[in-house]
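What follows is a pair of complexes built around subunit A, which joins subunit B in one and subunit C in the other.
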Partner chain A sequence: MKTLILISHPHFEDSGTQQFLKTSFYSLDDVKYQVIDDLYAATNAIDIDKEQNALRDFDRIIFQFPMYWYSSPASLKQFMDDVFTRNYIVAKHALKDKELGIVVSLGDAETDFQAGGPEQFTISELLRPFQAFANKSGMTYLKPFVVNQFGYLTPSEKEKLLVDYLAYLSATMPLSLANREQWLVQRLQATKADKPDDQQRMIDLVINAIDDQQNNVESLKEDVKMIRDQEE
Partner chain B sequence: MSDTTDWLADQLAQLKSADQSFINKSIYQAAIDLAKEQEKRAQQSQDELDGRIWSPDKW
Partner chain C sequence: MKTLILISHPHFEDSGTQQFLKTSFYSLDDVKYQVIDDLYAATNAIDIDKEQNALRDFDRIIFQFPMYWYSSPASLKQFMDDVFTRNYIVAKHALKDKELGIVVSLGDAETDFQAGGPEQFTISELLRPFQAFANKSGMTYLKPFVVNQFGYLTPSEKEKLLVDYLAYLSATMPLSLANREQWLVQRLQATKADKPDDQQRMIDLVINAIDDQQNNVESLKEDVKMIRDQEE
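Let's turn to the complex of A and B:
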């Protein structure tokens, strides 16, 4: 599966959050990225055909940006207005059956975004225009991925953010335990590169044990389902 | 924790401390968390099976 990250950020290189995410996604082979602001900085008018064609190769498209006044920075809107023409989206269904993900970073606490909280509205409500766009395009809209106040994260929270982010980019959705396990096993395989033989063997044993545990979980789940179905 | 989860956590912790890459360290930590989650799910299903099999409704 191939993923394209379209990044909208006026100061991408200066953003600690974005550089952390960039270092992370560099570890995945099938993930490409484009900073939209660079695209517009390089030329006065972008090549619409070229940008439209570039999207065809990807199965999952990610809009990644910091939340500016409850939406994306202007460059993403500009890109959408320019590249997502009615003909391309509605007549040609060019993005149909692809997935659309949103990676949004917040300066305010995520818990502020709820009814009765300081921000009053949830992230899902605020991102509704992107969901509507996915709907119109025939895309599958993924649960938005929120990067919550990156500057305040502890090292162990950053570890978790990194893995969750990589899974959001490249794992099969929805991210059930089974899909997460399958994805994580692939990532464990990838960590074997350049390791001495004894460590590679250790990783293989770990993978076998994790697979066995997952088979056990699935088989117990089946048993429970069978008994439930008989009872109800 | 079960013996398998203990063993997995131990092996993965060794791999994590031996690795310099923050990305690999994060993957190993996620695998430890996954093993614990698998054990929890298996235990939940096992408990539910026990509960349903021993239900007084069937006595």
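Let's turn to the complex of A and C:
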């Protein structure tokens, strides 16, 4: 599966969140990224045909941005207005059956985003225009990936964020426990090849442990189901 | 009351809808407008202080735009990202107690915008980011003014659109029957001054008729209330 990250950020190089995420997606072969702001800075008028064609190769397209006034920064909207012509989206169905993911980072706490909270509306509600776009394009709208106040995260929270983010970019969706473990095993196998023998054996042990755990979970699920069925 | 219309449209001069609306707001002294796209076309970096100060004079600010991918065109977002700094909006509360109106024109039928319809989401839902902005700024969010497929309107529908639009720009909100009639009388009185005597008398007759009707409505309301009270 091939993933394209379209990043909208007026100061990408200075953003701690963006640079942190960038270190991670470098490690995935099938993930490419494009900073939209760089695209526009390099030219007065972007090459629409080229951008339209570039998207065709990918199965998952991610809009990644910090939340600015309850939406993306203007550059993503400019890209959408320019590249996603009605002909391309509605007549040619060029993005049909692809997945649309949203990676949005928040400066304010995610818990503020709810009715009665300071921001009044949920992230789901505020991202409706993107969901409506996915609907119109025939894309599958993925559950948005929210980076909640990156600056306040502890090192171990950042580590977890990284793994979750990598899974969001490349695991099969929806991100069930089974899909997540399958993805983890694939990742471990991919990193095995160029490691020394003893490390390869260690990775095999981890993979076996994950498989065992998966089998345990499956068996536990069966037990729970049986008990429930008897209760009824 | 002073109103500023901030128009976001990449081809304002070629838009039938926008040019039609423009003919009308020319007639109101206390209404000013700014095409954001012209502002950016004229310079590489807009003067943020100047734009921030310019907004202070107005009581009602209108964002006017065609719906592009379920939001405004990029230029309005660029303006918001540039001019509505956190300091200006959150620390200085510069727009507090002003009104925020949205005039949005649709290419697709308004009835398509509902759960189960082709567009799945309502206009209210899609405009949430603007509502959230009004909430954060301490502005009063006015009920959006939707221009539904202008190209298909009959001449008499266009006439009604024009009057409704003028009221949206300058009448006291919410637009109750009383507020609407009060506004209509004010508009008639404003146009009276430079008219010949016979036309002035005609306008006075219309104003009296409106007043009478208003009194009739008030009296009818009283009657209905009395009947209802007796029923309980």
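We take it that the second predicted complex is superposed on the first by the 214 of 232 C-alpha atoms of A that agree within 3 Å, B and C clash if a C-alpha of one lies under 4 Å from a C-alpha of the other, contacts with A are read in each partner's own complex, and residues count from 1 in each chain.
Methods note: a residue touches a chain if its C-beta (ideal position, glycine included) is under 8 Å from a C-beta of that chain, and two chains touch if they have at least 3 such contacts.
Just so it is clear, the structure is predicted and the values come from calculations on it, not from any experiment.
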*After lining up the shared chain so the two structures overlap, which partner does A:Thr191 touch, if you call subunit B first and subunit C second: first, second, both or neither?*
first
*Scan A:Phe84 for contacts with subunit B and subunit C and give back first, second, both or neither.*
second
*asked:* Going by the contact rule set out at the top, does A:Leu177 touch subunit B (first), subunit C (second), both, or neither?
replied: first
*Would you check which partner chain A:Pro10 touches, where first means subunit B only, second means subunit C only, and both and neither mean what they say?*
second
*Residue contacts on subunit A - larger count, subunit B or subunit C*: B
*Taking the two structures together, which residues of subunit A meet both subunit B and subunit C?*
none
*Given the complex with subunit B, which residues does subunit A contribute to the contact?*
23-24, 27, 156, 158-160, 162-163, 177, 180-181, 184, 187-188, 190-191, 199, 202-203, 205-206, 209-210, 212-214, 216-217, 220-221, 223-224, 227-228, 231
*asked:* Touching residues of subunit B toward subunit A in the complex: what are they?
replied: 4-5, 7-8, 11-12, 14-15, 18-19, 21-31, 33-35, 37-39, 41-42, 45-46, 48-49, 52-53
*Which of the residues in subunit C come into contact with subunit A in the complex?*
10, 68-75, 77-78, 80-81, 84, 119-121, 125-126, 128-133, 135-136
